[in-house]
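Worksheet for the structure shown next.
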Amino acid sequence: MKQLLSCVLTLMLWLLLTWSLAPSDIAAGVFFSIVIAVVLSDIYPDNPQAAFEPRRWFWAAVYVPYFFYYMVRANLDVAYRVVHPDMPIRPGIVKVRTTLKGDLGRTALANSITLTPGTLSVDIIDDCLYVHWINVSTLDAEEQTMLIVEKFERILKKIFR
Amino acid sequence: MTIDPIPMVFITVGLLFDLLGCIGLVRLPDVYNRAQAATKCVTLGTCLVLIGVAAQFGVSALGIKALLCMIFVLFTSPVGAHAIVRGAYRSGVKMWGGSVVDAYADVAASEQEKS
Amino acid sequence: MTNILPLVVALPLGAGFLSPLLGKSRRGESMAALLALGIGFANLAISVALFTTTEPLVYWIGFWNAPVGISMAVDGLTRLLLLTTSLVALAALVFSIAYMRRFTATGLYYSLLMLMVAGMNGVIVTGDLFNLYVFLEVASISSYGLVAFGTEHEELEASFKYLILGSIGSLFILLGIGILYNLTGQLNMALVADSLAGRGANRAMTLAAAFFLMGFGLKAALVPFHAWLPDAHPSAPAPISAMLSGVLIKASGVYALARIVFNVMGPSAAHADVLTALGALSMVVGVFLAVGQWDFKRLLGYHSISQMGYIVLAIGVAAQVMSPRGSGDEALAGLLLFGGLFHLFNHAAFKSLLFLSSGSLEQQAGTRMLKELGGMRRRMPVTAFCCRIGALSIAGVPPFNGFFSKLVIVVALALAGKWLLAALAVFVAMMTLVSFLKVQRTVLEGETPERLAGVREAPYPMQSGMLILATVCLLGGPLVVWLRGWLLDPAAASLLTRAAGYAALFSPRGGP
Amino acid sequence: MTPHSPRGGSGMTIIVKSTTRIVTAFIMLFGTTIVLYGHVTPGGGFAGGVIIAAAFALIVLAFGKTLAGRFVTGTTASVWDSAAATAFLFVGVLGYLGGCFFWNFLRPPQSGRFTLFKLYSAGSILLSNTAIGMKVGMGLLGVFLALSVFRPRREEGEGHE
Amino acid sequence: MIPGFISFGVAVLLASAFLCLFRISRGPTPPDRTVAIDILGTLVVGFCCVLCLATGLDFFMNIAIAWALISFIGTIALAKHLEGRHFDD
Amino acid sequence: MSSGAIPFALSMVVLLIGLYAIIAKANVVKIIIGILITDYAVNLFLVLLGYRHGGRAPIVTKADLDTSGGVSMGFVNTSVDPVPQALILTSIVIGLAVAAMMVALALRLHDKYGTFDITRIRRLKG
Amino acid sequence: MNAMTIALAIPLAGGLLAYVLSRKAPTLSAVIAFLGSLLAAVFVAQVWSGEANPQLLAPLASGPGWLARFAILDLKAGSLELVFRATRLGNLGAVGTVFFGIMIALYSMTALQSHPERGRFGAFLLWTLFGAFMVFWADNLLVVLLGWEIVTLMLYLLVNTDPEGSRAAEKSYGILGFTDVGLLLAISFLVASGKTRGFSVSQSTVYVGSPGVAIAYFLFLAAALAKAGAWPLHTWLPPVAKSSPAAVSALLPASLDKLLGIYLLARVSLDLFVLAPWMHTVLMIIGAVTILSAVLMAMVQHNLKRLFGFHAVSQVGYMVLGIGTGSAVGVLGGLFHMVNHALYKSGLFLVAGSVERHAGTAELDELGGLRRALPWTFGVALITAFSISGVPPLNGFASKWLVYQGALAVGGFLGPLLFTVAVFGSALTLASFVKVLHSVFWGPERQPAAGSAKPEPLGMLLPMLLIATLCIVLGVWAGPSIGVWIAPALEELGYGLESPLYGLDLERGLWNPLFAVVLLAGGVVLGLLLYSVGGTRRARTVDPFMGGERFGARPPFYSGTHFYVTIQKLPFLGGLLKDGEAGAFDPYRWAGLLGGVVVGALRALHSGLLNLYVSWALLGLAVLVLALVL
């Protein structure tokens, strides 16, 4: 079942890539989707059925603009610091905690952190994230977690659970 | 080919972000800060350009490809930056003198000892 | 008959691809060896079958004609080279069966060997300049790998130097091909010849000629492009040394050079002078360096340079005769080419034989240093017999084949009025003799060192491989008149067709 | 070591690992399309093969050889490499049996069922392209694996720890 | 109008690329160079987009994707190398 | 020199840079890089051979077909020459194989000799 | 088939058979060699007699005198054709060849009985005969070259029996091979000069005019002199003589090589080329230098076979001198001396073989008193030694006598000088052989070191006795012998002899040889009388005594070689001899040293530095571009 779903996912990706519904293309797509799904079965996501739950897709849809907003803000922030003649930065590496459980969720969180204002994930060890912060505004761990992680964690929890 | 105004805006903004990111790459004092600035700006910039292309070509093979490419860049570029910065830290690149805190130092040191 | 032509490339190529698949187990390795051996026989059979007709043959791959299609073309020269290659390859393969037992990864070995054969055959049969380059590289890259096969210090070092110099050679060959393409808009050799035939020399063509001379000269190890050879050839396993010295430098060096100079560009006085000078220089420098060697295989390597000098010298003087400035005496040029090509054939036989016997000695006695060997005539009679036949052949002693080719070359040089070159050729023959006298004294004769008291004759497959070539060396001389009739004179004649004749024979207008 | 372990001794951080698990399929699919449509668009066996090899290389990089060994080892790479080469030659030989070496035995008749610029319009070229793709991909992968095995010896005088 | 826009795009990208090249050449540490190389790879994707717009040929998008993924893998490899580990660790 | 020759001259300059590296550098890696540079130079040269000023990529699209299903002459006349590009592709593949071989050998050499200094990799001489 | 082709085929096929059997049945190989030579002799005799009897020479192919014609290789200016022609000079060589072949084959059957290489020896002997026949009968220069090189190769293979032999073999092949390829060059030059009729010997006559032709002639000359062992290309001969089995030395350096070398010298100088006068002078000087230098070297030798080797060189001088005169007497003397020398020198080597077999050594200092153990050998040694020393009435005297006359006939300043050198050489030869006879056969008897200690078997004795007998026959009946063997060849070369008799040219000669014989014989008889009358045998013998100690059981021994220590102490000559022994005048050694310098320099260039190699290649390219553009 899991394998079949993987195949279907792969086939969807194939259709996107070729953007053709000609029988020949679909036939080739089915064949190669199966091949690739079989070859990569070991590293495919553990629960492909999750990709077919609409609820997750809903939250993902919510997350996209939310994340985009922060991303644009982050860029403007960086732009400000870079262009400013004095370069107002106060960098450092801080340690924050996440309550997300799955690998994918944590990865998404780390990536989100990297792309959003002033932060960059350096490493992740268990539930600790080490984040390079361009402007360390507080040295308090709770507050740091609050500032960096919380805002994404809420929605990501709903997507990845 | 005529480029529509909306894609043009996307692309222009994207390109400017690219440029900003690269300026950051040059100006900022250490590798961690440079990676931050450059990754953020250039990722966004390139994504915007790709969105512009997608918008220009609409729902076609090309447009979809542009979107797929954008998703790919969005997924991978922060990972790349993360990997480099981690590598940099572990290869012993010091942080800028003006840095205020380093919570990672102990972890990295103990990892090094283990290996 | 045309239909079997692609098989000379396809069969070894297929075997080359299959061998690593087979070579994963001990049994698979022997399967790979058998496969390679079978291909070796098939290869020889095809080369012989091509002699059933004397007509030129053309094969168009995939039914496409030029300029898109790629052709394979067979004339006398091709037949000669193919026969030589497959003969030596067969001997080397037979020899390998026993010789390679001490190596691991023989599946890879047979694969690379087959790829090398495919590349060489491709170079020989192709009618297309770019394909020539591709096949040249296939052969070269597999030979780089084979040189490094032992993966010890010397092997790796030799392979690396060979690789660097070989790449530079390939680079200039490709540049030359690019220039010719730019000039003519063609890659098919007949069409290029056709296009060049009408026009006089120009700067671009001169540059291309220089690049070809340098590139193929490097592949043929002519002085001063020779420095890789004495490192590379001795470092490979013995059967490979035999292939490299025996046929690879000829197929990818002399053959290609002769083909391009005579049939594609048409010999100009300058080409001819340069070829002659390169040949004479190689002949002399190679032999001097060989005389000072105490490593058997290295000595053989330097002799290869020297003997290649003979071949190129003969071809160069033939080109002088045929060049616009020369007398145009076709009989004389034919005699020179006959001598050169006969020496090419003979050198393939005796140098391969010598390398095989050096391998046999090295395997049984554990060393290839002349000073550590001795008295092998009594310990390894068959190997010693073969080694002596090879040594006497290369030294130009009658009644072995080497004598006759050197005789023809010297007489022809004198007839062409090249007194000094004839004297030089004779002098080098003498030096070769001296050097091989040393080999015979230190290896075959003399006291057997105590360490080697228990040395035994090599296994039968190795003996057979050597005996095949020894027979060629023994019979090549007495049978020269017969060989000349069906093998060598047609080959010389195909070089003498000149560019226009070549174009007429092989241009796609004559194709299917 | 499984891909499920959050941070194993081998491979890189879970950020890299998780991302790899997602994008590898995409990369392979993309490589496959490049190979298959090589006769219609630029690309073909060589370019596609490189991309497929890169996908496997990514797996090796992210997970380390212990896990990557499940997908591919130097041996399997070289086996597939040779198999692909044999297949390529086989296409040529099939054409040979049909009359001429590399004759396009699958080439549709001028007015045939197959249309130009579609997947199957090129007859046996598709097959040879596929073979080339696999050959190049597995060949490069073999090279990569062979090179990554290399452990440079320390130069003298560099031994300070 | 369009050539002008394309030229603008090319100019901006070239300027960015030169900044990256500056960082690549200047260093001072290997990670600095690696970051710059990574960024340069992403810039090339943008470059492909501009070319795609200029010509309307869709294979530039293929190149863009190919470049993006090769660049990513390259970056990962370099990063691993920076850590002082072997590729197959 | 006509202006058309300048690109060719430039490719020759690249070639010379590569050759310089091969001759003058003692480091095996740099020598390999030199070879790669020369390789690029030759590929560049081949590209230039096929270049047609203002020409377009030699890719046949539906628009380029004439009524009989063949390629229109207009396309043939405006596209750049496809043959050199085919050559380059092949030569790149070959170059890649050679490069892989060189790197592999260099690493093995380093393994045996403990150095990348070619002046110290000199067991074979004389 | 005719006699000549059969005579050529027998040794070729027999050799093949013997070679195949050499490992499994060496005795059979030796027998095959003997029977093969015997059989060949039958057909050689037919050819010889057929030369007189035209019926037998009925040509198979076209043209008078052509026996067979088979073109192997068309070389534009002519072909390498199997064309054979029986000439009187060639027949003389062929008869000599087959004679010595039989003798040595017979001798070696017993002499080499325990030798590991005896099977191969048989094969190589037959092939040597084959090569020699080719040289003597071929009418194609390239076929001559083929046979010539085959003989060289066989010498090399025959000498290669032990470590020392392989060094000597290498040296011999080094020098002979050098002149062999020179021969090839000479032939090429000659034919390319257009002055010959293809490669034909008989149909060409070349006037030495241009320097090119002169070079060609001197290359021919070098080949002939090296093969025969004349100065300065003789240095291969003494080591070969010393380190190879006596049978080999007797076969090749002593007899066949002389026949071949002098045959070629005569054929080239008297038939093919028409020499300029100065070339005759050069030849004669070479002859004189050869006589003197080699005999001086011979005097200081301590090894029997090496000493014989130097004599084999010295005697060649007479032949070269004789032929160099260009006069009928001189040429007759040279050719006759060739035959005589082949006889007595092979006889001497067989003696040496016998001695070595008995005593296990050929070192003069370790030999002595063998006259009792080997009486027959002693007898043969006495005859051959006197023969080589030119003592009448043996054959050596007869031919030397003719050479003296030829030298005197040159006249002017040179004639008497050459004559003096020749006579002086002969005297020194005698002196040298007195030393040999003393050291080996006279004096107190010494125990054999490692030999068989048995007298020589019949198989060895028979050829020795036959040869010794011939030495006497050809000396005593020199006139008739010349009439049968030499005069026809001389006539063929264009020298008419009015009375081809012994003691010819009596009017112009200085002495009547008969008178000389009587005088010398009288002297010997007188000496013997004095010896027996003087009563020296009755001298009292006491044991040597020194400081109360007696010497060991061995009686005191005065080595024959000690007499000649004086020569080594002479101020100038001694130094020269010392240098000579060290190889100071050996072109082989000098070439080796010179070559070593070049090789060293070239090897130093190949320093293993890759950058250097690449720069050669690029520099080469630059030169190529320049060469092509300019």
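Here the chain labels run A, B, C, D, E, F and G in written order, and each chain numbers its own residues starting at 1.
Convention: contacts are C-beta pairs under 8 Å (C-beta built on N, C-alpha and C of every residue); 3 or more make two chains touch, one makes a residue touch a chain.
The model shown is predicted, which means the values in this text are computed figures rather than measured ones.
In terms of the stated touch criterion, chain B and chain G have no partners in common. Looking at chain C and chain F, the chains that touch each of them are D, G.
The pair with more inter-chain C-beta contacts, choosing from D-E and A-D, is A-D. When every chain is reduced to the mean of its C-alpha atoms, the one closest to the centre of the whole protein set is C. Taking each chain's centre as the mean of its C-alpha atoms, the one that lies farthest from the centre of chain D is G. In whole angstrom, the spacing between the mean C-alpha positions of chain B and chain D is 28.
Work out the mean CA point of chain E and of chain F, and you get 21 Å between them. Centre-to-centre, using mean CA coordinates, chain C is 47 Å away from chain E.
Averaging Cα coordinates per chain places chain A and chain G 100 Å apart.
Residue positions 603, 606, 608, 610, 614, 618 of chain G are each in touch with at least two other chains. Within chain E, the positions touching two or more other chains are listed as 58-59, 62, 65, 69, 72, 76, 79-80. Annotation for chain A: residues 17-18, 107, 110-111, 121, 123, 125 touch two or more other chains. Put simply, chain G touches chain F in their complex at residues 603-604, 606-611, 614-615, 618.
Every residue of chain A that touches chain D in the complex is listed here, in rising order: 9-10, 13-14, 17-18, 22, 24-25, 28, 32-33, 36-37, 39-40, 42-46, 103-104, 106-107, 110-111, 121, 123-126.
Residue ranges of chain D in contact with chain A, taken from their complex: 3-4, 6-7, 13-15, 17-22, 24-26, 28-30, 32-33, 36-37, 59, 63, 67, 70-71, 118-120. In the complex of the two chains, the chain A residues touching chain B come out as 16-20, 71-72, 74-75, 78-79, 81-83, 87, 89-95, 107, 110-111, 114-116, 118-123, 125, 130, 132, 134, 136, 139.
Residue ranges on chain G touching chain C, taken from their complex, read 23, 71-73, 75-77, 80, 116, 142, 145-146, 149-150, 153, 156, 160, 163, 165-167, 169-170, 173-174, 177-178, 181-182, 184-185, 187-189, 191-192, 212, 595-596, 598-600, 602-603, 606, 608, 610, 612-614, 616-621, 624-625, 627-629.
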